[in-house]
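Read from first to last, the chains carry the letters A, B, C, D, E and F; within each, the first residue is number 1.
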Amino acid sequence: MTRIAIYPGSFDPPTRGHEDLIRRSLALADRVVVAVATNSSKQPLFPVAERLALLRAAVGEEPRVTFESFDGLLVEFARRVGGSMVVRGLRAVSDFEYEFQMALMNRRLHSTLETVFLVPALDLTYLSSSLVREVARLGGDVSGLVHPAVAEALAKRYGR
Amino acid sequence: MTRIAIYPGSFDPPTRGHEDLIRRSLALADRVVVAVATNSSKQPLFPVAERLALLRAAVGEEPRVTFESFDGLLVEFARRVGGSMVVRGLRAVSDFEYEFQMALMNRRLHSTLETVFLVPALDLTYLSSSLVREVARLGGDVSGLVHPAVAEALAKRYGR
Amino acid sequence: MTRIAIYPGSFDPPTRGHEDLIRRSLALADRVVVAVATNSSKQPLFPVAERLALLRAAVGEEPRVTFESFDGLLVEFARRVGGSMVVRGLRAVSDFEYEFQMALMNRRLHSTLETVFLVPALDLTYLSSSLVREVARLGGDVSGLVHPAVAEALAKRYGR
Amino acid sequence: MTRIAIYPGSFDPPTRGHEDLIRRSLALADRVVVAVATNSSKQPLFPVAERLALLRAAVGEEPRVTFESFDGLLVEFARRVGGSMVVRGLRAVSDFEYEFQMALMNRRLHSTLETVFLVPALDLTYLSSSLVREVARLGGDVSGLVHPAVAEALAKRYGR
Amino acid sequence: MTRIAIYPGSFDPPTRGHEDLIRRSLALADRVVVAVATNSSKQPLFPVAERLALLRAAVGEEPRVTFESFDGLLVEFARRVGGSMVVRGLRAVSDFEYEFQMALMNRRLHSTLETVFLVPALDLTYLSSSLVREVARLGGDVSGLVHPAVAEALAKRYGR
Amino acid sequence: MTRIAIYPGSFDPPTRGHEDLIRRSLALADRVVVAVATNSSKQPLFPVAERLALLRAAVGEEPRVTFESFDGLLVEFARRVGGSMVVRGLRAVSDFEYEFQMALMNRRLHSTLETVFLVPALDLTYLSSSLVREVARLGGDVSGLVHPAVAEALAKRYGR
């Protein structure tokens, strides 16, 4: 049986924390599908196509990882690609509450889809896409927090 | 002395969790006033009149429960209807912090109005109106999470 | 129907926070039974009889409040005295988690016994029996934190 | 590559929550090693041999699950049995903090051992061995919370 | 060496809680720079100039406190004014998580800038600018929560 | 005015996290008094004299830091040495709740003694004396977590 893990998110933009989680997921599954959500109500900074391109650049050559976008329910996407688990990173208490709620709802909608929480690398625990956007918007240095391709895309976006 | 409990909220839409709390409130008070807030700054999915109608449909015949809308401060509404306690459900840590803050502010504005926290039925602890809206918007099955009248209203709203 | 609230605890010793909760409980119930647990595995500072006497001294003349000790399960005690709700104070997040767990277990053992959480007076939120014991043990001034009878009992206990 | 998951704990006694986690672990790994810690500083209710027997009775015939005891560091045990992940259930915020701390320490001691957190069945989230012991000690009904063999062992232990 | 503390925030409007923190900061530093952030993405209620004027009115004559606005990164502002510490008040768990994240990011951007957390006066722990705005908007009494000059500005803003 | 910070704790044993906090405290105060509590009810691993010696070895030559033991209330010790602030590290949510409670109690007992919370170095956030003791007891490698003198003392204590 091939174990397929789904790693869903907005990835707006991808951070070093996301890259770390993708690599950790490979220890749990034979294949990892990074799933970029397109249905968020929030206005994204980067369009889905660019987020997918940045993820590909950041993760590099890794035959067991694929990148897809999805709208609709995550559980439907998981059914479509044959995923048996959803991988999420845990950083903070507020994360935990929300993630717990989502995991329980997803279980209700798809009883055999297991949500699996991983701990990111310690020096990445405080990272988030929104914090990266905020630092970049104010002209701060985001190298080290994101892949160079992402840093470049942020610089272009904020006109530097 | 007639004990009157106020159960305030947005109820946008009412969920099975709200119904559960209303029934639990009846164990504490002689009358329960379900109070639909109209002054939220957020754009609601359902207008107040429809939320009141959905609440009535979901709760059904229960002579000790009435449904009202209010704008302005909750403490003023409580004074107007003679409420001596405010009932709130507790689900998660982030809930708890916000609810604690509101309870202390309301006590400052109305010192004898007691805020009372109840624990919802365990299988409803992960439910929230916003999660229900999100699942319905993405085409997920919300039966079991809401009363059939609410499920129908959501289906109509999201064009299914 | 007479509403009877149980307010269980160790009360080792009673604090101003406990007194505050007892008075708040009177707004919710016709009678309040303060229930001193005797079955704790921890070695108490004060024997049960003294804790009951200190509670009586601290609360004073209040015909709607009675004081009892119990061993065994709280839900059995509640059945015996006809209590329909358990009152608990909420102070902090760690409180909340434990209290939530107990409320759910008690509901499983006695489905119609409702656990009700109240917010203590703001200036008492940091109080606990163990903190009072610690301060008294180290010679700190606990007047204001406990009733004078309790302060005296603590002084005697710690040889001052 | 055979994926081996370690599910460590005290299991004093095993609960329905532990059984649930073992079954969920089987979705992530080819083999699950349930690892009973013997080095705790706390005095256990059941000796290790009995805890292992109760686990076997509770989980039943499942060729992919084995049961072992260990003392010393969990990471050394994981190395010995070839485990690549540690499975833990997440219930509450205080759980989360402690588990996070342990996961980071274990990663420091064994960098490729991944700690994986799963969400128990919702109706088991409030269960813990210590709560089960407490209810059994006070004569409460623990059937439904534990396997019949465990209920019987508890009844014997508490002399009923 | 002159110790300069930065106390950053939106101060929209300043509350009694902010005044309390400013006074506490004076115990830690020789000079306190109250830094009004202008770059928030949220639409403020009061323009920066008015927030600075309200802060000056609320704090009064205090030669060791100055008031400035800043856009861009806080760490750049700290470098510009020679600040060696950032002071923040801690109120609640959700506060704590966010503040922790910001402190770690700011340390990454400016390694010797220490973030220092203080506990506000107990009776102000539930206060926040957003709660004050909400109460004022709904016609509630905010005297006691803010300086009279702020109360007046709120009354004018909400047309009373 | 000389600013004196008290950094109280059990330091049983001192960790790299404690060393980090002592160094950070020097940015806030002219002198730091590391205060080893001797009145804890728990049986310590190392006697106070050894904990003081280990702290001195770990911190090294630093004329602005002194090491003292104290029993009784921290606030009395602070008065005796002229301390105007208490420094504490913040790691986790459960930490935060307890620390908040202690800070409020200490303020009640000594109104001008300010408690100041600092964020430890990120890679030390998961460290605690009890975790270090546990790892050492089980034969794990604690170098990197503690000063070599502490590692040696632990090895001697646990007979390796």
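In the analysis below, contacts are C-beta pairs under 8 Å (C-beta built on N, C-alpha and C of every residue); 3 or more make two chains touch, one makes a residue touch a chain.
Bear in mind that the values here come from a model prediction, so they are computed numbers and not experimental data.
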Matching chain pair for D-F (criterion: over half of the contact pairs shared, by residue number), options C-F, A-F or C-E: C-F
Of all other chains, the one whose Cα centre sits farthest from subunit C: A
Between A-D and A-B, the pair with more C-beta contacts: A-D
Subunit C onto subunit E, rotation angle from CA fit, given as a multiple of 5 degrees: 180
Whole-Å gap between the CA centroids of subunit E and subunit F: 30
Subunit B and subunit D, separation of their C-alpha mean positions in angstrom: 39
Residues of subunit D whose C-beta touches two or more other chains: 93-94, 97, 100, 104, 122, 126
Interchain contacts, given as pairs of chains that touch: A-B, A-D, A-E, A-F, B-C, B-D, B-E, C-D, C-E, C-F, D-F, E-F
Subunit F partner contacts - residues on subunit E that touch it in the complex: 3, 24, 27-28, 84-85, 90, 93, 96-97, 100, 103-104, 107, 112, 114-119, 122
Interfacial residue positions of subunit D with respect to subunit F in the complex: 39, 71-73, 75-76, 93-94, 97-98, 100-101, 104-105, 108-109
In the complex, subunit E residues that touch subunit C: 93, 122-123, 125-126
Subunit B residues touching subunit A - in the complex, by the definition given at the top: 92-94, 126, 128, 131, 135, 138-141, 144
